[in-house]
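There are two complexes below, and they share subunit A, which is joined by subunit B in the first and by subunit C in the second.
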Partner chain A sequence: MSRPARNRWLIAGLGLIAAATVVVSAVVYHVPDPAISPALTHRTPDATRGEYIAVLGDCAFCHTETAGPSYAGGRAFSTPLGTIYSSNITPDRDTGIGAYTLADFVRVMRLGVKPDGTRLYPAMPYTAYAKVADEDLQDLFAYVQSDIAPLPVASRATHIPWPLSIRWPLALWNAAFHDDSRFVTDGSKDSQWNRGAYLVQGLAHCGTCHTPRGIFFEEKDLRGRSNLYLSGSGLDATSPINLRGNSGDGLGRWSTADIATLLKSGRSEHSAVTGTMADAVRHSTQYMTDQDVTSIAIYVKSLSPAPEHGRASFVASDSTMSTIMAGSERSPGGRIYLDSCAACHRLSGSGENSTFPTLAGNPSVLSSDPSSLIGVILEGGRVPSTAAAPSGLAMPGFGWRYSDADIAALATFTRSSWGNNAPPVTAAKVAGIRDQLRSGRPDH
Partner chain B sequence: MATNKPVDVVIVGFGWTGAIMAIELAQAGLNVLALERGEDATTVPNWAYPKVVDEISQSARNGLLQNLSKSTVTIRHHKDDRALPYRQIGSFKPGTGVGGAGIHWSGVHSRVMPQELRLRSHITERYGARFIPEGMTLQDWGVTYEELEPHFDRFEQVCGTSGKAGNLQGRALEGGNPFEAPRSHEFPLPPLTDPPTSALFAKATRELGYHPYPLPAANASRPYTNPYGCQLGPCNFCGFCSDYGCINYSKASPQTTILPVLYRMPNFALRTQAHVLKVNTDSAGKVATGVTYVDAQGHEVEQPATMVVLAAFHLHNVRLMLSSGIGQPYDPGTGQGKVGRNFCYQLLNSVNLFFDKNVYINQFMGAGGVGQAIEDFYGDNFDHGKLGFIGGGVIWGRQTGNGPVRGIPLPSGSPAWGSGWKAAVKKNFLHTGRIESQLSNMAYRGCYLDLDPTYRDAYGTPLLRMTLNWQDNDLRMSEFFGEKLSQIGKAMGATSQSGRVLKRGDNWDTRAYQSTHINGGTAMGADPKTSVVNKYLQSWDVSNLFVLGANVFAHGIGYNPTGLVGALAYWSAANIRATYLKSPGPLVRG
Partner chain C sequence: MSSNDGQTSRRDFLATTLALAPLAVTVVGQTAAQSINGEQLPSSSPAPDHPSVPDYRPSYFTSAEWAFINAACARIIPADEHGPGAVELGVPQYIDRQMGTPWADGGIWYMQGPFFAGAPEFGYQSQLTPKQQYRMGIKAIDTLCHERLNMPFVALTAAQQDDVLKQIEKGSLTSTELPLSTFFSGFLLRNVMEGYFGDPMYGGNKDMAAWKMIGYPGVRADYLEWVGQAKPYPYGPVSIYGKRG
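Coming up: the complex of A and B.
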């Protein structure tokens, strides 16, 4: 290539890089406008209503360290990138959000961008809070600023290794995946369905755990446009269940009342919640009004089944019970079940209504990803104590008693008995969950 | 000494009665603090399956019981004997820790017979005052069954007790106990299924003309949600109740029935490892000002309170009254004084039945409260005129479960060790049952509690001294029951019987387990000269002090005491809420 030609390519290349840099810089350094309705300036914020908004959004749990002061942050979250800590959202001017304006608050809630332009990791579910109405955010802000005591607690540094710790690419992530649109009422549905959809997609941020994510950790659907929305996921060492209408691993066999009961009390005749969902019930859903939990239940119940391919099915059957009663259940998993599980979950696998959870037809047992089932067998679980059902009934862990192969056999037995029809569980999968749970413990 | 912030109510001890009083007074809006000497505990992890069903740690090494190396009692048979410390758990089992005896109890949940609450009057009316032997200090309890009935009912609803009414509001019901006093409601749950011992017992006693009924059990026969909203799961007959915390949320305990709600209340607080030394009073000794306790670090702490409730185990409640100098101590020489008076126990006869190899009893399964019982010889259900003794008891065929460490009974003459013993165990284990009679123990002038002049505990407080032995009246009654047991055992088809029946001349053997049902010492009653608390369990001497527990019994009843202890706590709480809180002061004028 001649020298002038080479120079031309070089200039063109530099030009492209410069242009790209300008574009990227524009994206990266742009502090976006939070787009608040001008009408809001004439509205008087209602801090009492804002307190309930905080309950709906479950702010307190994530922004409070275990046994720490409320809203002062510091709770650890393990993400695929590393450990991050929630921030202090008390109105302390230096360490909290006391210096925020309403616009600053709305920007961080909807776009994940702090007033200084720092990008938040999407562990903060601004992807869902973007759906929340101006009025709700205004009231929430009023509550945070006026009713929470300011506490000077500095936010903890994240434990994310370089170069993943560089935050500006999050702006590109937002440009690619973030949908900063408000909730849109569906005129073909009634107001209760719309209220439920608004809460599920917005404040209650159900999709954060229950919607599957893509390779860039983005939720595959943020507002219910496809049947992947809320179709079950894998998060940490758990597998949040499919909330859609599938009759096996979903809520197809649940009534609206069953869903509402679970949200109010942490248990229903189909299942009981432990782990992260227990925290959601403990801190948020149990305090929702009956009307709001019913609205959520109506919306969730309206979701069509997710694609059935590879999913478990359930058709109640007494053949397992017959085999056990005939004394011929001799599989390794079946024997462990009889030794360690049947006392509560019974030979029939049907447990005892709302006290000992049923395993037959339980979505947590049937989930495509068996992580939650394995985790509960390994470490046990506790149902939250709620006003509606104060007993924090607990199951002990059996990880100390059984090997990975034993637990795989047991999980496989429960997933293939009493009419459950879900794929087997491997010892390697159990070993993986065991490691993840061990490394997630604070003493590790 | 550090002084804590004052509270409305301080409760000493956090078992059944402490939990009942705490929730009732917290619901009334009071600021309640419970002090418990032991540790906190809950189903998971403390009684998680399978680690808790360990006969060595729980039955042999008494995992749930008071640590006798720190504090115990001294015991003697007669006031002229020298009392010695109870250094190993034997005859009775004081619990410790949150839940107290409500954790390690079996679950037998009876009430009381109306006549027992006015026993002196009843015996006098039927047999004449001279029927009461010299030295038997019987007295009426000052409260009636009718007054207590709603509270028996309440406690059964809380516990989710399994049973069958025999007398529903005066109407006799088939399948229940025909000797039962009227009850306002059916049991909250149907009876547990009869295991083999109970089924054989029911058949045999019916054929003998007696009236078997399913023993009321606080072991849930179905899933249950109690009036507080707490949940129980159904019992699976694992056979680990007495000595054990329940793995299955099936046995009623403070943890399963009350604490989940209490712990949600912001006006309730619990402090564990807080050993109370004394109740403090004002200079005139008329008003309790709070308590002094030793905390986990060994520091003495003063806890001021407007009201004090003693809700510890029997032994500790009585000792606190004595060591705090509240009420005149009982003097057996003069018969004067009242604190320590009418200390009683219970007599238990236990007979093992060995059956033919075709009769399967399957003692590897059972439940603490499951069984069939007869009350044909309870209280004064039978004519004592010709028999010449006072008292009676319940006879039952319970099946509580058994295992090798707890002891495998064998027929008399079996080798005690080696291959002969093994062969006998193999032959008998699946074919052995047990029937028992649990009998009243009357109050006597020479049976009492006081402070030991020699021995002190780890905190420097004198130990409680027991002076108690079996008396002729009670041993003659026991012999009568021995004959009944033998008759029933034969009728059940046992090929041989062995066991223990107390007979005239027998002394109280503190080494062998009998029952934990010690009672009396701060008796309730209508007369402040012979009782420590009035009918509302309020101290006659210090009106802002309430004393709960079996220590308020005026004599030893034949039933398991928990049902009555719980009902009395609800009764006391109801009166505190309805009357005392509106106008604090004596609820009965002495």
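Coming up: the complex of A and C.
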């Protein structure tokens, strides 16, 4: 190649890089317009309604450190990159959001962009809050600004090593994956279904936990366009179940009332919430109105089954029970079940109504990712004490008593007994969850 | 009389309530495990596992006392056609290990005066700690054996040992040093039964042999489904640490 030709290539290359830089900086340093409806300026915000919106959005749990002052932030979130902390969202002008305008607030809630252009990590579920209507955000803002006491608590710096701690690439992530559209009412469905869909996709952000994620940690569907939406995930040593209509690992065998009761009380006749789902019930869903939990249940119940491939199935069977009764249960997992679990969950795996969850056909047991099952065996759990069901029944942890191989055998037994038919669990998987739970502890 | 009674019963009340205090401390003092849902759950793990070992060396008892404990255990629960004896199941180890607990120093009781020889319904009234009971009790028994048969307890024949223990239990063989029947019934005999039938993690009941002998399934805690079945329970016992016998 001749010298001038090479120079031309070089110049073209540099030009391309420069153009790309311009485009990238335009994306990265752009403080986007939150697009609020002009009609809002004539509307009087309702802070009392805003307080209920905060409950629907579960703001208090994430924005309050364990035993710390409400809304002053500081709760730790471990992400694949490192630990980040929630912000102080009290109306303190210097450390909280006291200096925010409504536009600033809406921008951060829908786009994850702070007034100075700093990008938030999607641990703050703006990916779901983008669906929330203008009026709801306006009322929420009024509540946060006028009914919460300002507290001067400086937000804690993230523990993410450089260069991963640089936030501007989040702008590219947003450009690639963020769906900033508002919730769209489906005219073919009734208002209750639409209310449920609005809450699930928006404020209640069920999808941030229950929708599977892609390799860039993006939710594969943010508004129920495909049957991957809410089809189950694996997140921080837990496995939010498939909420779609599959009859094995999904909610196909649940009634609308079962789902509503679970959200309201933390338990249904046959199951109980554990782990992060218990937090969601403890701090948010139990305080939702009966109408709202029923709407959510109606919407969730309307979801078609997710692709069946590789999923668990359930067809009730009493052969496990007869083998044990005959004294011929020899499998290591079955013997551990008999020794440590049957006293509460019974030999039949059917537990006790409203007291000990049924393990036969339980979606949490049948989930493709067995993390929640392993977690509850290792560390136990406590049903949240709710106004509808105050007793905080607990299950003891068994991590101290059994090796990874023992727990794998036990989990495999529960996933393949009483008609449950889910793939086995390996000791390596148990070891991984044990590690994750250990390193997630504050004393670590 | 009435003022005495008042004091005694108050002391007894204090003793019972204080006995519960260490329990509260153990529960609170456990390393609180953080559950996955961010709520503090008390750890469910028990005290460390100390099953009986073949070459146990006592840490409280002197070698003479250790010989006495072994000899007494062998007479209180001898090996016979029903099952193994207390010595084979590690009961002496259990008792020596108990001497290392706060209980052995009276640490879980109200142990300040006044001390009265109260009626039995007022419970243990002595100022002697369990450790002192063993030290003084063994010495007193050996002194009695020397006075009467010119030999320490361990050198007596099995029949003679049985006779000494029976007389102490009945109260017909007494010592000026301490109430021997209290030592025998309240400590030695009681601790032998605890070690024999307790969980193997405390050093006795080796391999859950005592449980197997009586058909007790251990800490499985539940056989509801078998109630009403006209056949024996089909599974062997399980211990607190999840071992199976």
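Heads up, the rule we're going with is that the second predicted complex is superposed on the first by the 443 of 444 C-alpha atoms of A that agree within 3 Å, B and C clash if a C-alpha of one lies under 4 Å from a C-alpha of the other, contacts with A are read in each partner's own complex, and residues count from 1 in each chain.
In this section, a contact is a pair of C-beta atoms (placed from the backbone, for glycine too) under 8 Å apart; a residue touches a chain by one contact, two chains touch by 3 or more.
No experiment lies behind these values; they were computed from the predicted model shown.
**Student:** Between subunit B and subunit C, positioned on subunit A by superposition, is the outcome a clash or a fit?
**Tutor:** clash
**Student:** Pick one for A:Gly375: touches subunit B only (first), subunit C only (second), both, or neither.
**Tutor:** second
**Student:** Subunit B or subunit C: which reaches more residues on subunit A?
**Tutor:** Counting contacted residues of subunit A, the larger count belongs to C.
**Student:** Is A:Gly310 touching anything from subunit B or subunit C once the two structures are fitted on A? First, second, both or neither.
**Tutor:** Neither: A:Gly310 stays clear of subunit B and subunit C.
**Student:** Have a look at where A:Ser391 lands relative to subunit B and subunit C in the superposition and call it first, second, both or neither.
**Tutor:** first
**Student:** Would you check which partner chain A:Pro80 touches, where first means subunit B only, second means subunit C only, and both and neither mean what they say?
**Tutor:** After superposing on A, A:Pro80 lies clear of both subunit B and subunit C.
**Student:** On the A-aligned overlay, A:Ala343 touches which partner chain: subunit B = first, subunit C = second, or both, or neither?
**Tutor:** both
**Student:** A:Pro38 in the overlay: touching subunit B, subunit C, both, or neither? Say first, second, both or neither.
**Tutor:** neither
**Student:** Pick one for A:Asn353: touches subunit B only (first), subunit C only (second), both, or neither.
**Tutor:** So A:Asn353 only meets subunit B here.
**Student:** Considering only the listed stretches 7-15, 25-33 or 61-69 of subunit B, which one runs into subunit C in the superposition?
**Tutor:** 61-69
**Student:** What part of subunit A is shared between its subunit B contacts and its subunit C contacts?
**Tutor:** Overlap of subunit B and subunit C footprints on subunit A: residues 340, 343, 380, 382, 394, 396, 401.
**Student:** Applying the document's contact rule, which stretches of subunit A touch subunit C when the two form their complex?
**Tutor:** Contact set of subunit A toward subunit C: 66, 237-238, 274-279, 282, 321, 325-327, 335-336, 338-340, 342-343, 346-348, 375-376, 379-382, 394, 396-398, 400-402, 406, 437, 440-443.
**Student:** Looking at the complex, which residues from subunit A come into contact with subunit B?
**Tutor:** Subunit A residues touching subunit B: 340, 343-344, 352-356, 380, 382, 385, 387-396, 401.
**Student:** Would you mind writing out the residues of subunit B in touch with subunit A in their complex?
**Tutor:** 42-45, 48-50, 223, 228-234, 236, 238, 247-249, 256, 260-261, 263-264
**Student:** What residues of subunit C sit close enough to touch subunit A in their complex?
**Tutor:** 33-39, 41, 43-45, 219-222, 224-226, 229, 234-235, 238, 241-242, 244
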